[in-house]
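What follows is subunit A paired twice: with subunit B in the first complex and subunit C in the second.
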Partner chain A sequence: MNLTITRITARALLGRKRALLLLPMPALLIGLTLLANGTGVPAADWGPIVLGEMGITVILPLTALIVGSSVLGLEIEDGTITHILAKPLPRREIVLSKLFVAWGVTTLAAAAPLAVAGAIAGGPGLALGLLGGATLGALAYSAVFLAFSLLSRRPVAIGLIYIMLWENLLVRFASGAKVLSVQRYTTATADTISPSELLNATLPGVVAAALAVAVIAAGTMLATMRLRSFALTGETS
Partner chain B sequence: MTTTTVELTGVSHWYGNVVAVNDITLTVGAGVTGLLGPNGAGKTTVLHMMAGFLPPSQGEVRLGGHPSWRNPEIYRQLGLVTERESMPGFLTAWEFVLASAKLHRLADPRQAASRALDIVELGESQHRRISTYSKGMRQRARVAAALVHDPAVLLLDEPFNGMDPRQRLHMMDLLHQMSEEGRTILFSSHILEEVEQLSGTVQVIVAGRLAASGDYRHIRRLMTNRPHVFTIQSSDDRLLATVLMRQESVSGVELEPAGIQVRANDYGTFTRALAKVARDEHVRLIGLQPADESLERVFSYLVAT
Partner chain C sequence: MSRPHNAGSVIHDIGYQRYQGVRFGRRYSARSMYVHSLRTAYGFGRSARAKLLPCGIFALACIAALVLVVVSTQLPEPVLSYVGIVAIFSYGATAFVAVVAPELVSRDLRNSLLPLYFSRPPQRSDYALAKLAALATAVFALFAGPLLIMFVGLAFSGTSGLSGMLEQSGLLLAGIVTAVIHAIVLAAVALPLASLSGRRVFATGIIIAFFLIAAPVSGVLREIGPGALADLAGLLDTVSLLNGVDRWLFDEGLVRVGSYGPVYGLAAAVLAAAGTALLTLRYRKVKI
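Presenting the complex of A and B:
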């Protein structure tokens, strides 16, 4: 990993207006959890919806999509990527640095608020489980969306298709699709760390963790390969 | 400094069905070389291939003997200034150039960044954000970042874009100085005066093909299908015009207020015959100037053919 790239990437990411998009989602999650908890209704009635359907299914992947597609995608879009690529650096080092920033920011903006919501709904055990699961999920999503940003000029559109169609539609009707669902890895890992009735795990924890590691490795390798063969396109004269 | 060359051997590049660069073989050595061509001729494609940012569809591109494509190690000896001006505007020039020095893993990045910023005369504004810079200042910051590791090869795509006349002169001095140190410098431009002032050696690309390569004055002399035009002032222009018309190497003479303009078919024969004719006719030659050896004229001939 390269500290110079990490620092510049973090500044670029957190300095842009796009970073403001990250604030409402955790606020909404924690706010809704507090509200639901305050009503006195048992957590079993609202927990799966707020934590699972909203936190793990929507907020975590959307945050990872915004961040993961930006760390390299924006530099490719505006051309500043050439400043980093014209250096004698292994491309793996560039990808890992970008991935680290995406993971860190997604963890802070989505996994940590999810843990706070878990603490409110089910106590420290659930908080720990959600933190572990969502941190792993944040890394897997970041690797996938980072790879998307090198595979396509429209990484956000492809990412949305993955989240909406694959994870939220296909997985419901074709159970085999869950082996490629980061959302399912997240839930299963969280449930393995701290079993809870509020989590609806459909994969064994070990399998989920192994699949997540495979997805992270595949995303990172794919991104590295693509960056090695990165060609400047656009205006020619 | 040891010379590092950039070599293209039988290089072509196509985008889908469009051939952008067609079978180019050239070598760029120490000194300043201008890469010339009309807009859309393929200059940027050639530069991108040299810099390892585009794969040749065919042929081989080598820098210092090593392949450029998929080889980040070449950037140890290569400094690159692309045409696209995008820079991280949230950084100051100091931060930007220092980051470049660190990414090159230089032993003393602060000292290298400071030296590079001094070279491009950005020292006073170095702690301002790049987003507040003028176009010329941004260009200089990019050049500083490209120079920070003291590269043996410098590739610049339209480096004078946005610079005011003083900054242009400064940049030209800088490139001259670097060329005298034995560096290989290739810059693209469509402004012929810039190329003429900076370099006699050119690589001319027209419609994706290498139209000419070398010193443009020499290239002009090799264009035997176009008469060479000379302006001559003498003690008796009318007499000289009469006798010159008798020469086989002369295809036309015009009397003008400033002297006579002679069109010669054969450069060598005419220049040898002129002295003899003038001596025989007791005409004193006051001035003799090639009238169409400017880069502009050479370029227009090349583009027209």
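Presenting the complex of A and C:
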């Protein structure tokens, strides 16, 4: 962890107008929860849609995708990564600092609102569960998308295919695919911390947490290795 | 500069030969932009990496269609109709437009290529419409591949001979109409969003956020709303909206529309028109 890199990354991410792009999604999540809660329809009907299909399936991965692939991806695209690579810093430190910022921002912009929505829908227990699950999920997603941004020139496109086709489509038809689905880890961890009928966990909590840790480690190591042998090229193709 | 020079207007003539050949006009340029954009959409004429994602999604759709055909021929009734396959694949098509639309417009914005386009005969609206037509055609091709596979599989495997083939052709026509509607609306939604950002990262993010976030919102309203609101909730989500149009036109599709079918049809038309208008407006105002 390097404080200077952390600070610069956070400023590049949040110091511009585009940081406002992170606001509508959590606002929509909490607004919709309040609206649904106000109608008096039991939470069992709308809870799984708001918390599961919207919060865990869309808002968390999408926020992590945008943030996780831009912490390093934008610097590569602009070529400013040379300034960081030229400093006498271990590449591991660079990756860890970037990952930390991505995790923090994703937690703030997606996991915390999810916990608030959980508190409205099911009380403090559910809020705690969602906060724990989503914080772990945010780290796992960030690690995966950070690695994508070093493996490819189009990290967002690949991450999008992963979210939409693997996590949302394939897991539904081939349930073995859930072993590599961060969304399933998030749900399972949240459900283990605070069992709730609003979450439909399909993995045992311990297994999910272990797999998530493995994914985080693999993503970080892959990113570090790629950054060690990083070749600067222009935007071709 | 197709106007002839008159002698008095020359500032400095260092004696180079002038271009005397035929100058192709605005329409030729617009058609060239369309063809080039269509090739760009699938990565033709570009590196293998650029082909990977769009062609990969196309291949996935075709494989899925093949599996469906093989399953269907083993069963007395086909598992999915032509309209149904378009309705199902529209979800995948949103991923496709989110990947492809930024390729078409964001790169030009980012690399400041627009002055080069706009200083030529084609007008700004020609550029916008050519890009839109190219994206719509690319999405249509994504639907057309699976439809064709399904048609070949079902029409030639049947035992009813020519009459079976004719019947299949009629059904295929409905599928093609659905595919055209879906392609136009999806392209008209995605391209204006993509043209907001010169960075493909953010352009893709904006498009996909728009498509993905709307689905659960409309799902929640369907759950909590009373009758009419539940039937109209699909209007909020582009994919549900399109499936509602299928329900209205062909009475098959994934959403319930009640008696509000025409509303869905109207909403789809308004969405396509608004998207096109916003895109042309965007390129009229864009800073170059």
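In this text, the second predicted complex is superposed on the first by the 231 of 237 C-alpha atoms of A that agree within 3 Å, B and C clash if a C-alpha of one lies under 4 Å from a C-alpha of the other, contacts with A are read in each partner's own complex, and residues count from 1 in each chain.
The working rule: contacts are C-beta pairs under 8 Å (C-beta built on N, C-alpha and C of every residue); 3 or more make two chains touch, one makes a residue touch a chain.
Keep in mind that this is a model prediction, so the values were computed, not measured.
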Query: So, does A:Ala214 touch the first partner subunit B, the second partner subunit C, both, or neither?
result: neither
Task: See if subunit A has more residues touched by subunit B or by subunit C, and give me that chain.
output: C
Message: Output check: A:Leu160 vs subunit B and subunit C. Expected answer is one of first, second, both, neither. What do you get?
response: second
- prompt: Which partner does A:Ser229 reach: the first (subunit B), the second (subunit C), both, or neither?
  reply: first
Message: Taking the superposition on A as described, I'd like to know which of subunit B and subunit C A:Leu108 touches: first, second, both or neither.
response: neither
- request: Name the contact category of A:His83: first (subunit B only), second (subunit C only), both, or neither.
  value: first
- request: Considering only the touch criterion stated at the top, classify A:Leu170 as touching first (subunit B), second (subunit C), both, or neither.
  value: neither
Message: In the overlaid three-chain picture, which partner chain does A:Trp46 touch, first (subunit B) or second (subunit C), both, or neither?
response: second
Query: Of the partners subunit B and subunit C, which touch A:Gly73 in the superposed model: first, second, both, neither?
result: second
Task: Could you give the residue numbers on subunit A that contact subunit B in one complex and subunit C in the other?
output: 236-237
- prompt: Which residues, counting only subunit A, touch subunit B once they are in their complex?
  reply: 2, 4-5, 8, 11-12, 15, 78-80, 82-91, 228-237
Query: Can you list the residues on subunit A that touch subunit C in the complex?
result: 18, 21, 25, 28, 32, 35-36, 39, 41, 45-46, 49-50, 53-54, 57-59, 62, 65-66, 69-70, 73-74, 77, 153-158, 160-161, 164-165, 169, 236-237
Message: Quick check on the complex: what are the subunit C residues that touch subunit A?
response: 46-47, 49-50, 53, 56-57, 60, 91-92, 94-95, 98-99, 199-202, 204-206, 208-209, 212-213, 215-217, 219-220, 223-224
- prompt: Which bits of subunit B are touching subunit A when the two form their complex?
  reply: 15, 20, 37, 39-45, 48, 51, 53-55, 70, 72-76, 78, 80, 82-84, 86-88, 90-91, 96, 99-100, 102-105, 145-146, 158, 188, 190
